[in-house]
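Chain lettering (A, B, C and D) follows the sequence in which the chains are written, and residue indices restart at 1 in each chain.
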Amino acid sequence: VFRYPRQVQFAETDLAGIVHFSNYFRYMEEAEHALWRATGCSIESAGSESGWPRVAAAFEYKRPLKFEDQFEVRVSIVSATSRTIKYGFTIVCGDVEIGSGAMTSVHAQKFPDGSLRAVPIPQGVVDRLRAAVSGT
Amino acid sequence: VFRYPRQVQFAETDLAGIVHFSNYFRYMEEAEHALWRATGCSIESAGSESGWPRVAAAFEYKRPLKFEDQFEVRVSIVSATSRTIKYGFTIVCGDVEIGSGAMTSVHAQKFPDGSLRAVPIPQGVVDRLRAAVSGT
Amino acid sequence: VFRYPRQVQFAETDLAGIVHFSNYFRYMEEAEHALWRATGCSIESAGSESGWPRVAAAFEYKRPLKFEDQFEVRVSIVSATSRTIKYGFTIVCGDVEIGSGAMTSVHAQKFPDGSLRAVPIPQGVVDRLRAAVSGT
Amino acid sequence: VFRYPRQVQFAETDLAGIVHFSNYFRYMEEAEHALWRATGCSIESAGSESGWPRVAAAFEYKRPLKFEDQFEVRVSIVSATSRTIKYGFTIVCGDVEIGSGAMTSVHAQKFPDGSLRAVPIPQGVVDRLRAAVSGT
């Protein structure tokens, strides 16, 4: 499991006094990108015409997070196909499980006609992500 | 189906040139709150100690939205229990389906000891939401 | 004065129960872009390599905005040079002045070497913005 | 000067490929709150009915920030009155100055009638902030 530590910022809370539910999707993405950096790559290769748009994203909420809470996003690789990666996430704050979720991304390329189409994931990428997840 | 019209704002896009995937959860919430207002209520009763934290939220992405796109969020009531409501959402832009999702909220009350616990949904609330969904 | 009507959304509030101060900058930008559309143009010409990065932005806060408040952003053109436009903004909610601010943008072009440099504003743009501000 | 290190996250960028200008206000706030924590306090005392709403906020932009840039927010105390504190900020990325800004906050209390009024800053607060700024 790859671990991404984070603290709740003021702007991430809402009038109910807890983190707005949409921000958990940003926390998951931050952890995903930190995992990529742990493999020595950036998910965004400068000048590249390919990217990783989302196919699906979901989160189940168990306990709220509050301002200045220190929490951890734990990332795993749930599955992968030739063109997609599905990540799993658990968010914990101390001993408390805050919730868990998943996101599936597709490797897509922008073609000269402006269209965005799924393309194969370069060899080795999924292996390196799996190694970074196991090694920590 | 209840319809909530919206236009993509600049700050909602990311460096890939499309709406950031986390913002679809804000679009769904905006549509949910507009549905509540259509019943003559606000989801947040001023001074009330009860609220509607999320239990689950999910979205599946089919096509991207871009800056200034005019789109529509269509809301339905998928199911309800004594304490929870599950909303369904489809986002369309012209004839194109952008994606669809769901959110489940629980009616919760803040008790004097600071704890937040599920409490029954006041009578009539779900009927009024269903009527607002059917009537439009 | 150009008027942009808006309602406060839940995700824009923070734990203090009011709109987070950073969101006023998004409200000003939304109003600026609505002003551009009122001239028949978009501030972002598709495929164009030019844009309008900010040089300066400021806001003074008088009264808070709360969830579901209906407010109005009033836009004026404070001044313009050959490469910059300074917009003025006042936000009001009913009879109450919420605050006022200003933003200066520069017309910039992305050059093949990746650099971003100020370039002259195309003729007529400032006149059309001024007309849209006066005509409403 | 108090230093707050930070990295640009994907969701903070916009379609121009750079950090959206409104996010600099969130960066300044994050640094302000980190400064408070460095004094051993939180800017939000749990259960307290007082807070620090903004009176004014401004930023001048010199160079853009991009995805994954590592930058630093440098905080200083510009001035203080019996009820307000004005913070100054400079954001740098390596040797490059990204921009600078300021924010003024007022110490306010929520009264039983719902009104929010300025109240004196508790003794020692400004001294502790000044010490944290000098000591680092």
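The rule is simple: contacts are C-beta pairs under 8 Å (C-beta built on N, C-alpha and C of every residue); 3 or more make two chains touch, one makes a residue touch a chain.
Model, not experiment: these values are computed from the prediction.
Enquirer: Between B-C and A-B, flag the pair that has more C-beta pairs in contact.
Expert: A-B
Enquirer: Most remote chain relative to subunit A, going by C-alpha centroids?
Expert: Computed centres place C farthest from subunit A.
Enquirer: Taking each chain's centre as its mean C-alpha position, how far apart are subunit B and subunit C in Å?
Expert: 27
Enquirer: Distance from the CA centroid of subunit B to that of subunit D, rounded to the nearest Å?
Expert: Those two chain centres are 32 Å apart.
Enquirer: Please report how many Å separate the Cα centroid of subunit A from that of subunit B, as a whole number.
Expert: A distance of 23 Å separates the two centres.
Enquirer: Could you check subunit B for residues that touch two or more other chains and list them?
Expert: Only 10-11, 15, 18, 22, 26, 29, 44, 67 qualify.
Enquirer: Quick check: in the complex, which residue numbers of subunit A touch subunit D?
Expert: Residues 9-11, 26, 29-30, 33, 37, 42-44, 67-68.
Enquirer: Touching residues of subunit A toward subunit B in the complex: what are they?
Expert: Result: residues 15-16, 18, 21-23, 25-26, 29, 44, 51, 53-61, 64, 116 of subunit A touch subunit B.
Enquirer: Taking the complex as given, what residues does subunit D use to touch subunit B?
Expert: 10-11, 13-15, 17-18, 20, 22, 66-67
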